[in-house]
Amino acid sequence: MENLIGLLVLAPLLGAGVLLCGGRRLDRSGPWLGTLLAAVSFALGVVLFADMLGKGGEERALDVTVFQWVPVGGFRADVGFHLDQLSMTFVLLITGVGSLIHLYSVGYMAHDERKRRFFGYLNLFLAAMLLLVLADNYLLLYVGWEGVGLASYLLIGFWQHKPSAATAAKKAFLVNRVGDMGLSIAIMLLFTTFGTFAFDPVLTRATDAGEGKLTAVALMLLLAACGKSAQVPLQSWLGDAMEGPTPVSALIHAATMVTAGVYLITRSGAVFDAAPDAQTAVVTVGAVTLLFGAIVGCAKDDIKKALAGSTMSQIGYMILAAGLGPIGYVFAIMHLVTHGFFKAGLFLGAGSVMHGMNDEVDMRRYGGLRTYMPVTFVTFGLGYLAIIGFPGLSGFFSKDKIIEAAFAKGGTEGWILGGAALLGAAITAYYMTRVMLLTFFGEKRWQPDAEGEMPHPHESPRTMTVPMIVLAFGSVFAGGLFSINDTFLKWLEPVTGHEEGHSPVSALTVTAATMVVLVIGVAIAWAQYGRRPVPVTAPRGSLLTRAARRDLLQDDFNHVVLVRGGEHLTRSLVYVDHSLVDGVVNGTAASVGGLSGRMRKLQNGYARSYAVSMFGGAAVLIAATLLMRAV
Amino acid sequence: MIAPSLAASAASTTSTGEAVQFWILAVVAVLGALGAVLMRKAVHSALSLAGTMIVLAVFYLANGAYFLGVVQIVVYTGAIMMLFLFVVMLVGVTAADSLKETIKGQRWLAGLCVLGFGILLMAGISNASLKEWNGVGRANAGGNVEGLASLIFTKYVFAFEITGALLITAAVGAMVLTHRERTERAATQRERAEQRVREGKQVTPLPAPGVYARHNAVDIPGLLPDGTASDLTVSPTLRARGQVRDVSGEALQDLKALEQRSSEWLERGRSEDADANGKGAGK
Amino acid sequence: MNPVNYLYLAALLFTIGAAGVLIRRNAIVIFMCVELMLNACNLAFVTFARLHGNLDGQIIAFFTMVVAAAEVVVGLAIIVTIFRSRHSASVDDAGLLKL
Amino acid sequence: MAFPLLTLTAAIPAVGAVATAAVPAGRRTAAKWLALAFSLATLALAAVQLVRFDPGGTSQASSSGGAKGPFQLTESHAWIADFGVRYELGVDGIAVVLIALAALLIPFIMLAGWHDADPLETRSSRWRPTQGFFALILMVEAMVVISFEATDVFLFYIFFEAMLIPMYFLIGGFGDGAAEHGEAGAAAQRSYAAVKFLLYNLVGGLIMLAAVIGLYAVTADQLGTGTFSLQEIVQARAAGKLDIATTTERALFLGFFFAFAVKAPLWPLHTWLPNAMGEATAPVAVLITAVVDKVGTFAMLRFCLQLFPEASKWATPVIVVLSLISILYGALLAVGQRDIKRLVAYASISHFGFIVLGIFAMTSQGQSGATLYMVNHGVSTAALMLVAGFLISRRGSRLIADYGGVQKVAPVLAGTFLVGGLATLSLPGLAPFVSEFLVLVGTFSRYPVAGGIATLGIVLAALYVLVLYQRTMTGPVKEEVRGMPDLRARELAVVAPLIALLLFLGVYPKPVTEILDPAVRHTMSQVHQADPKPDVNDVEAAK
């Protein structure tokens, strides 16, 4: 079994290597090879899962050290894997959804001449993501962490002939790097505190370290999570990341990679539990982001960007839950999994719509597509119902639990967080309904594309619809399956721990309240977009709308402060280097030159003049000799 | 004879005679040296220097270096200084040197350095403990020349040989330097005449200097018909040295006086004639 | 009189000679001043020979004379050569290190 | 007498240089192959060194019955006996790895610069530029190798300085002529760069010479006979026979350090590097930064720390600050560059900041990281710079703005460029990550603030690499770039092994760290420093 873990990572890595170095001859078979290897990985995951189910709760964790990676003095980093229920969950999600999206991409990218490379990158992503969740120490996790960042960079910028894509890719990588900086500092802190950064010793002995140190570690981990999971204040890259091909958005920027932050926090639960101040920071970030993302999602007309806002918001929920401590870890992960299903489904649906609409992304130019793309409509609709928390579907179970847990935090804090979560649910219902209505209902608002061709919407090929259908099943049933008998809770509890919160309001009340806000949200959206015709060009909108369209001015802030400021800084430093640092040197050279120019005049070519200096020198020598004798 | 007195002078003083001789001759030597430095004409410098060298020869003798004293006179004053005079002559002694300094600050600096150097040198000598004067009496016991000879041919034989080689080399070098290889055929008289005609400058031989028997000398230019001096008539060397005795003014003066006198004489004669004529006519 | 006065005289003559070398421009005069300096040295050598009571100083003076003679011969030859081509015996004119 | 392996390793390229230079004018292809053969022979010898080097052993009995110490394969002969100068060679783990690095990179540099001297060839050329180019490279290699081997301070000094001569001609004599100012301007720029390189390093060397002589004076004063032998001095100090006064030690330390800081280069002594790397051809630029400059950082470890441990500790705060400035300043300036090669040069300055930081963090992680960094930086910069050189040679311009969309026309070139760039920004999985992280951890455990600030460097590194990649490789295809050929077989043969090595060392650096580790531990013990203990120190025990 142990060896299988290594293979799990190796399979997609091999795929990436073969596909990227393989050359032209793999152009045709490449996509299928990539898909196959993803599926192999999934199969291995399932085997391991079956094996794990056969064992008792406490013995389920598998540890395997593959080789010593960096053995230097007291510093030991190994390449080792740790497979427990938490990582297992992720493995299945990643490989499962990943395989589906590979399959989807076979259809979606069929006409792209560089698809071999695309599948290579996707495989690379899978390998890195698996490494991230399977690592048994923070440094190896960091490798996976940056690896997914790289894959994300490559995939966002896949159509790099588009300057916007290249810029978005760069931005994503850079913002992530800021987060990575947090992670690397956290690792250094762990090393100085514990002398190691393997999960097991650190997490079991976390409480031995001072709270101050732990808070610092936790805050740095939070920074890392913010970067990867697009949480405020490092959320700005996610919207732009939608420049990448849609399967990428579905896999990386919805289902898996962006949830790595949640994984990190959950995994480091012991550290966070011992640092309550950091936990407060986490829940604050989560609450702020869930509202932020939701608001942004409301205003976007680009279907993918609206979904990206939604992703941000949903991850906000997860972070919020994770920040609640043992009350919330399980629900965070549960929401993560269900979200993985429905959001991937939604993105694939969006991709399918775009596929049929000549890559148009503006929802105001859709409308009435339900009859043209029935499969897409149904699967997308199920995803929609799941995300807004329609009773009985996946999102209902997971989101409801988080809202309950937020209230259960207790005190004013609990009310604030619970309130925010409820408000978020309402807004979610609003913007998702908006997306649904704009895309599939109403009259056709189709516009000719850049080449003047009217779109001819059609259902997508089988390779694309099958994954959508599978994911729709997940969106519908996953939540229910998890909640029956608290299966999921029992599954994860040995790893994350769990405690029941004491909610000031009963679970039923919370559910009822959620239903109410849901209905309100849907109703408002219907009132705005279902009853009235939708203008093709966006109206100017209120101040908030306009701000939300621009990501609540976050990008403008970044642009003014960081980009402009940075440009000025570098420009002035270039100047300083040239004129000051180099200037001192060149100035010295010039003054030496000037001095020698003057000295040169002493060399006037007259022998007598030289004789004088010779004679003067002789005089000085005699004087020196006499002086020396006198002394 | 001085030698006995020297033999006795192992002490730190010299005989009174030598003292007197020193003080007188030292003044002469210094004056000669100053003359060599300050005289405007090289010839004068050379002569002053020769004087100094002779004085030094005497000092050598006084110090018991008889051989050197003689060599000094024979070789230095006799040969080397004469060589100098020859060269001065050869080079033509372009008049006197101008003593005006051309390099900025040179004279100041030189003065300063020399002064400082001199003072330091003197200070050095006065600082040195030169209390013990052995005198060369004993060394000269077997005769000065013999003593030198035995040293030169034993201890300093290599230096001596090398110096000999040096001298020969120097002689050869001097010849090589001054010798001018004639690389083309010398122009014949006819060719030179033709060239002169071609150039049309001075076809005839240069006019001879000096007119009037009174001044028939090379340094006196001939006078042109109008009484002015002609540069062509004297050697350029003399001209360059400024040794041309321009007598044109004098000559003109003389001429004028002559004319005056003759006219006076003629006047008288003429009046007499006139008288005579008048008388004669009147007769 | 202390024989050390010879040394003072030698120093004085040397200095005067040096001054001449530095001040005069006529190569011949400069040469003469050099000779003067050499002679001053010779005087010092001879005096020192007397001081030490041996003849080595005189020998050196003798060699100096020989070398000076050699030097004068070559030096004057050079002067003549230079004069031929430049029509000047001024050392300032010979500053180009070529004829 | 033992087989003089070390001498031979240095002698082979030297002989090769002479042989290459002697190839007649018409046979330049023969000269190239000859030079390559000699460089490969050197590589083989370096490999033999690696094999015969025993990481665990402290010292072999050398032919002269030499002193015990960390050095192996030692050779020792009297040289200038009057001044105690000896011809002493020996390698420790760090040296043997760096020699291997140099020997490994030179063949690639030659292959990459296969045609660099061709434009200078004229039909009647008696100057034989091709022969000169390759002979100079071999000359540099010989001197670098012997610098790594020398354990006699004076011997080291001589070759440390002599290296400048061939480097000067390589920088000043060969360029890609692709400046903004045309051919004449390029030549002027190039000679400016070469002179600047020479002057900077000469000044550093002069100051070091003074310190070398000072060291001799001190040893002569106290030991009776002066010596330049590193071993002897270190042992005398350990035995208490040699007691250098604090002020003297500091002055000597500064003298040595200055020279190495110029070579390394450390802010603010860095400005020669962008000029030199910008104007030289890409292979020569690699030679500068990946091979020659390593001697500077290597010498800090070998000479500064071992000879003057107390003074090193004394100077640490200032040096740490300077290296931090180097890191951030180099990175920021790299962001602001318009010229590809200058950008890489400033990136190198940033990286050298990391190396120096690691050395002077005085922790085993830091120093291991720094030494590993030297290797990794050599390989990664070589990869990036050589690909950049291939790119520049295709378009004839060094300006970033002249490129765009290369990815579309030359995907392999773009891909390798990206890998080189990712290595430069220390992406995990590629070699530089391991070393950079070790440096950071090592620094952080002693100077948390400095470690934290240095971490900013990784963000800035991402910025300059990705901006460079975006502007040159992505976006719409520029007109001038259209039709640009992809990497040729020769070029791929240069880049592919380097990339493979980057991957291998990123995943499995253990073979290298195993060799480095004992040497680093020895250095640490010389400085009397131990790693800071973690707060919760019984974690492993509790397990």
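Labels A, B, C and D are assigned to the chains in the order they are written; within every chain, residues are numbered from 1.
What we mean here is this: a residue touches a chain if its C-beta (ideal position, glycine included) is under 8 Å from a C-beta of that chain, and two chains touch if they have at least 3 such contacts.
Worth saying up front: this structure is predicted, and the values here are computed from it rather than measured.
Chemist: Pick out whichever of the two, A-D or B-C, is joined by more C-beta pairs in contact.
Modeler: Between the chain pairs B-C and A-D, B-C carries more contacts.
Chemist: Which integer distance in Å separates the CA centroid of chain B from that of chain C?
Modeler: 17
Chemist: Please report how many Å separate the Cα centroid of chain C from that of chain D, as a whole number.
Modeler: 61
Chemist: So the centre of each chain is just the mean of its C-alpha atoms; given that, what is the distance between chain B and chain D in Å?
Modeler: From the centre of chain B to the centre of chain D is 74 Å.
Chemist: Distance-wise, how many Å sit between the C-alpha centres of chain A and chain D, to the nearest whole number?
Modeler: The separation of the two C-alpha centroids amounts to 37 Å.
Chemist: Which parts of chain A, given as residue numbers and ranges, touch two or more other chains?
Modeler: Within chain A, residues 604, 606, 608, 612, 615 contact more than one other chain.
Chemist: Hey, what residues on chain B touch two or more of the other chains?
Modeler: 103, 106, 110, 113-114, 117, 121
Chemist: Just spell out which pairs of chains touch, all of them.
Modeler: Pairs flagged as touching, ordered by label: A-B, A-C, A-D, B-C.
Chemist: Inside the complex, what are the residues of chain A that reach chain C?
Modeler: 604-608, 611-612, 615
Chemist: Touching chain C in the complex: which residues of chain B?
Modeler: So the residues of chain B in touch with chain C come to 12-14, 16, 18-19, 22-23, 26, 29-30, 33-34, 36-37, 42, 45-46, 49, 52-53, 56, 59-60, 63-65, 67-68, 71-72, 75-76, 79-80, 83-84, 87-88, 90-92, 94, 97, 101-103, 106-107, 110-111, 113-114, 117-118, 121-122, 125, 130, 132-140, 144, 147-148, 151-152, 156, 159-160, 163, 166-167, 169-171, 173-175, 177-178, 180.
Chemist: Which bits of chain C are touching chain A when the two form their complex?
Modeler: That would be residues 18, 21-23, 25, 91-92, 94-96 of chain C.
Chemist: Give the list of chain A residues in touch with chain B in this complex.
Modeler: Chain A residues touching chain B: 604, 606, 608-609, 612, 615-616, 618-619, 622-623, 625-626, 629.
Chemist: Hey, which residues of chain A end up touching chain D in the complex?
Modeler: 20, 67-75, 79, 117, 139, 142-143, 145-147, 150, 153, 157, 160-163, 165-167, 169-170, 173-174, 177-178, 180-181, 184-185, 187-189, 191-196, 200-202, 204-205, 208-210, 213, 566, 569-571, 573-574, 577, 581-582, 585, 589
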